[in-house]
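For reference, chains read A, B, C, D and E in written order, and residue numbers begin at 1 within each chain.
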Amino acid sequence: MSDGGWLLLAILLSSLGPGLAIFFLPERRYGLRTLLNLGGAGTKLVLVGWLLLSVLRGDEYQLSIPLLPGIDFVLAADALSLLFATLSAVLWFVTTVYAIGYLEGSPRRSRFFGFFSLCVSATVGIALSGNLITLLIFYELLTLATWPLVVHRGTPAALRAGRLYLGYTLTSGLVLFTAIVWLTLLAGAEPFVPGGYLGELATTHETTLKVLFVMLMIGFGVKAALVPLHSWLPIAMVAPAPVSALLHAVAVVKAGAFGIVRVVNDVYGAEVAMELGLAAGLVVIAAITILYGSIQALRTDDLKQRLAFSTVSQVSYIVLGVALAGPLGVIGGLVHLVHQGITKITLFFCAGNFAETLGIHKISELDGVGRRMPLTMLAFTLGALGMIGLPPLAGFVTKWHLGLGALEAQFHWVLVVLIASSLLNAAYFLPPVIRGWLGERRTPWHEHLVEHSGPTRFETHWMLLVPTLFVAALSLLGGLLAGMSLSPLDWVTLIVERDYSIPGFAP
Amino acid sequence: MEWLAQQLAPGLIYPTAGALLFALGLYGLIRRHHLVLRILALNIMGSGVFMVLLGIAARGEGAPDPVAQALTLTGIVVAVSATAFALALVVRLARITGQAMMLPGPPDDEAPVDDISREEHAPSAEYEREHRE
Amino acid sequence: MSNLLLVIFDLVLLAGLLGVAWRCLASTDLFRAVVLFITFGLLLALAWVRLEAPDIALAEAAIGAGITGALLLVTLERLRSIAVERRRGRPDQPPDPAGADALLHALHDPPPPRRTFVPALSFALVVGGLMVTALWHQPDAVGLEPVVDEHMGVSGVDHPITAVLLNFRAYDTFLELAIVLIALLGAWSLGRYDRLPARPAPGPILPGTLRLLVPVAIVTGVYILWAGSHAPGGAFQAGAILGAAGILLVLARPRDLPMAPSTPLRLGLTAGVGLFLAIGIVGLFIGPGLLGYPPEWAYPLIIVIEIAATLSIALTLVALFIAGRPAGDDH
Amino acid sequence: MSEAPAEMLPLAISGLVALSLTLAILATVWPRQAHRIGGYGAVLMAAAVVALSALFVAAGPEPESAATRVALGGWEAPLGVMLHLDGLSMTLLVLTGVVGLATSLYSLGYVHDPIERRQFWPLWLWLWAGLNMLLLSGDAFNLYISLEVVSLSAVALVAFTGTAAAVSGAMRYLLVNILGSLSFLMGVVLLFGEHGVLDLVLLEARTEIGPTERMAAVLMTAGLMLKAALFPLHVWLAPAHGSAPAPVSAVLSGLVVTGSFYLILRLWMGPFAPLATPAFGILVGLLGVAALVWGSAQALRSGRLKSIVAYSTVAQFGYLLIAFPLMLIESEAWKVVVFFAIVHALAKASVFLAAGTLQHAAGHDRVAEMGGVLRARGRTVFALGLAGVSLMGLPFTGGFIAKYLLLEAGLSTILAGSLIGVLWVIAIAGGGLLAAGYVLRMVAPAFHRGARDAGEAVSPWMDWVPLGLAVVAAAAGFAGTLTLHTLTLTPGAP
Amino acid sequence: MIANTLTVILILAGLVFFAAGTAGLLRFPDVYSRLHALTKADNVGLGLVILGLMLQAAGPADILKLLLIWVLVLAAGTTAAHMVAQRTWTHGEFESDR
């Protein structure tokens, strides 16, 4: 327990503790469960904020418990982990509020929120893990914690989705497990070191490292939904809205991307990745995924399916950024980690609202919804435009830096891919927006929520609306105030500046 | 002649016979299916082992090795207690399944499972019926 | 010359043993198999006498042939009565006079199928052959006999086998008594004792002979127990003889067994094991170690343990013969 | 201070043996109080084992002279019987103590019928005493006798429920046990014939490669494989463990079978060490893979909860066989195997106990119809899931650490150049997936939509003990370093 | 010296009786005659053998023990014969004997 280790542990336990307590809470204890939930989320937010400020000042935080002779369970807080941890903490708080509203009166909520908190602790664990083995431990824990949420509804469809999800993730988990054991055998259980710790191994074990990289990519690729391994994500959309919002927009998918970022930057290091030609391979896969995701999104009529396919392609932006291995590319990739999280969660919240309030699942049913639910439709439009990458919004910042990164790394054809994908984004995001505002609703709305739990003061339950608007505002500010200090972009530049000694980087 | 006598010293013939008895018992165990016959086969294998042990003890001129004899005595008593319990089990199996032949395969999974922790231990019907006469 | 005679005797005896064993395992009628098995036991006792191991011969005859034979015969009788009972339970079957074909059914094992003959025989021959070759390669190693003689002075008894059993390797003997007890606990856990199906032989002959034989058996048993400290004999053989006497008593009056009160019966059964451990624990603190006796107290302690062991073994063997929990145990 | 614990050790070892035997005898003499004797005795025994392990670790001599040998009755090695305690037996004793305590507390609730209690507890305490003696014994013939004590009491407990399946399973188990013991005894007799000595340490000094050793090795290993139900000789395990009462099958799958494996390990590290050839290792490894596949396939197909878990025992023991070739190439791998066996025993015991509670609540254990009970009893299903996760080898459980070590051993054999190592690694990794398959079959119905019916009332012991044991199985992950350190204190280990 | 020759003669005579008893066992048609042969011939045979051994016996204790053996075998033999005869009389021949 070296210095400041207790803070990391406290962050982890702030969601694990309430989570386990909620498990054993009988169903009717509504008040205590909400208190525990929000209390946990709040404490985590405060602790992460404190950690953020102290890491900004440059303090060092580390916690290591001996697990096996020579192998330790290490938690460490560097700038990159803070980025992901803050994103998770903030969005967890918002999604908890949303989930409480969404699951009003539905059965088995203790079990839901128990696993929900387990998920977030696993995500924060992934963010704070100091070496590959700890990352693996939390990564597999995330699989176990998310499966019950995917099958929460208990319908045959949900269980089939769950089985597929487990099939993909467990198999890839085993490949990852074997790869990490092999790597630890070769290079020892080293903590993450910016610029990679493989050292002379890169020269002696050329082919082994290539094979290991492919295995690691398969391991992380499933959660990061790279093309051949992505088909579980759209099918897992059968889960309730808060699950698909937090997990499939933020926790699970980002965990995969975050793992790839760690491997490329902190295990192999940018130079070794470029030398072995791995970065180039990754760029190609990322590009394919971006295009494939967008095309698939076009073809589905179901709103959540479309958002799922858009997540598949958006996450590959992050992978693309990191794979470009140039400073600007990495900045583009990392900042998209935050922007995509915030924007996508807005879209999922809106989709959840439409489904919960008016029972709308298909895009074709969206005609004239703007008139019935103006605020949610506004948030949806902001999210959609952000995704497309219009200048004032967050999406633009990412695509701008990715473009510069591509030029810097001489991958000119990547620029074409970016432009094409932006057009495709527009192609599948604009029709719902246009339908929402300009469409005519001939038949009266089927008031699903009102029947269910009586009239609401605003257009829908306040606990559904407030989080949506909050997150929409965040995505707007992320774009507008990109230049300000403590904005996502600024923090990412700090990361790249401090942690990545990439040759020839002129701030 | 002398070589033959030396070869056929008890220290060699009896262990060999013991080994043959062990093999004979093993053969019987594999071939026969009736449980009582299988228990007999196991007893014969046991006697084979003890014959090898006492044959070894008889090697050399002096009195046979007391430790080996003590082991055999212990072995015999263990054999009789195992046989007694096995026979009690055979009788119980015959009472339940009506035959004392062990079917080769394991019983099917759908066999009725009555869990002891649930049923109160009422004196079994047949016990009552017998005692009433 | 006499060595040659002995060799001939050995060969004839072993041939007889193997022949009887083969016939016993090959016979289709169980009653014949059991009778042959008892003969096998007696021949075995003869073999142990030939190998100058009188203790083992005594034990083999009393336990191996006697008690095991009795257990087997009573099991056959129980199987027969179960078969008759089941047949009586099925009205559709033709009534059978004295359960003759039931006897046929329960105590008859059809000859095994031909196809398993070759693999079984070859497997057994391979195992036997390997063992014989291993045994033939063994040197004429001298066993632990000299070591035992060295320590005989301290062991408290003059007979080497009793010294090994109750002093040098007391732990094994203790566990052996425990195994006999566990076998009984196992038999008792299977179910309550069911009335012995043996049909009492009418007429005064059996009770009369018993009145003559049982006292003689008890005197012999006690003699063998006492003789154990300096001559072949000891607790297990004595226990077996007393057990045999008990079984004879049970056979004489199968219907109305005495309602043995539960606690004294249990105390009797565990006397051997309990006393052995108690003295062993005392030995742990004041003696040389667990299950060890202070040298000067060795002889009396061994005698006390032997008496308790004989009592326990006799009771356990009789209870195993009855093979059912006494009714008293369940109230 | 460091030498005081070393002197206390012999007394503590004899004391533990004496205590376990006294408890068994007391329970036999006073059947009406047997369950109280059993309950308090279990706590006492667990405390004694923990104290002994504390003494052992405190004494902590360097590996060569770590073994503490106690001469029973004061008679030294060739003549008397020696008790032998070293790292290997100490860790397994602690495992026996933990699982024994959990099973005893569980049985307080499970066997509540006054008449059955009187039969159950004496047999169970004799079984526990037999296991302790088996782990402590250092004499070949004494091992045979302890094996007999364990086998007889185990068979009696399997036949305890009195159903047709239980009694026929027990009969098959008894025949297998007697055959195994006799072949083990024949091996001991052959060694005694050759060397005239029974003590394992003296035997190890005198054995060299010869026909007798080879024959004795074959016989003793075959006998023990029969008892440990290792692959080719495993047919008896599923019906016996499947139909026994829950606490009994927990102990059987956890301790009794692991005890026999411990003996195989002890023999192949001691007297038979020179005989192990790579070809033999590969053969055993292939058997292990076959066990893994066959066991998992049966578990995926079987319809009853407890037979799924029983078949999974056969499968998981495939791992122990796979590890044999690893041991021949990488000498440190034997510690990994023992750690895996320990973690498997903990996890398997808690799965069986949880299955027992569910069966008690539902009145039957057909998986297809247990949805209602599974949905109602969240705590037991959580225990089942947590222990199942440990069986799968997923993180934050002992199973994960064990699988990590196994994979590390497998990969280092590949790095050392043996090509067959790839098969071992694939089998080890793939095994976890198969385990996920059948654990999911047990846990998934809990997440189906449908009615919740809590079934019969269940005593608090039966509700909380499986969860406690599952948490202990998970926490075993953190005890990795301590266990491996204790295991190194085994002299004579490669 | 005479004792040895006497012993040999007595034991040989005993063996003759044993042989007769066994021949009777194999040749006689039904249970009762076989019982008859066994108990009569073998007991006399045993008596002669024990008489022969008594000559070799060391002290009076051994002689009495030998005598005790003979008495016990006589008692056991007669009871067993009676039991077998009675069972055959009441329950008919054993299946295997038919």
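Heads up, the rule we're going with is that a contact is a pair of C-beta atoms (placed from the backbone, for glycine too) under 8 Å apart; a residue touches a chain by one contact, two chains touch by 3 or more.
Note that the coordinates shown come from a computational prediction; the quantities given were computed from them, not determined experimentally.
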item	value
Intersection of contact partners for chain A and chain D	none
Shortest path length from chain C to chain D (each step joins two touching chains)	1
Chain pair that, of all pairs, has the most C-beta pairs in contact	B-C
Most centrally placed chain, judged by C-alpha centres	D
Chain whose mean Cα position lies farthest from chain A	E
Chain A and chain B, separation of their C-alpha mean positions in angstrom	67
Chain D and chain E, separation of their C-alpha mean positions in angstrom	56
Inter-centroid spacing, chain E versus chain C (mean Cα positions, whole Å)	26
Euclidean distance of C-alpha centroids - chain A vs chain C, Å	74
Multi-chain contact sites of chain B, meaning residues that touch two or more partners	15, 22, 52, 56, 65, 67-68, 71, 74, 78, 81-82, 85, 89-90, 92
Multi-partner residues of chain D (each touching 2 or more other chains)	79, 115, 141, 145, 148, 152, 155-156, 159-160, 162, 167, 186, 190, 192-193, 196
Touching pairs - complete list by chain label	A-D, B-C, B-D, C-D, C-E
Residues of chain B defined as touching chain D within the complex	15, 22, 29, 35, 38, 42, 45-46, 49, 52-53, 56, 65, 67-68, 71, 74-75, 78, 81-82, 85-86, 89-90, 92-93, 96-97, 102-103, 106-107, 109-121
Sites on chain D touched by chain A in the complex	378-379, 382, 389, 392, 394-396, 400-401, 403-405, 407-408, 411-412, 415, 425, 429-430, 432-433, 436, 440, 444, 447-450, 477-478, 480-481, 484-485
Chain D residues within the chain C interface of the complex	10-11, 14-15, 17-18, 21-22, 24-25, 28-31, 70-75, 78-81, 115, 118-120, 122-123, 126, 133, 141-142, 145-146, 148-149, 152-153, 155-156, 159-160, 162, 167, 186, 190, 192-197, 210-212, 214-216, 218
Chain D residues within the chain B interface of the complex	79, 110-116, 141, 145, 148, 152, 155-156, 159-165, 167-172, 174-175, 178-179, 182, 185-186, 189-190, 192-193, 196, 198, 235-236, 238-239, 242-243, 245, 302-304, 307, 356, 359-360, 363-366, 456
In the complex with chain C, residue positions of chain E that touch it	68, 72, 75-76, 78-79, 82-83, 86-87, 91-92, 94-96
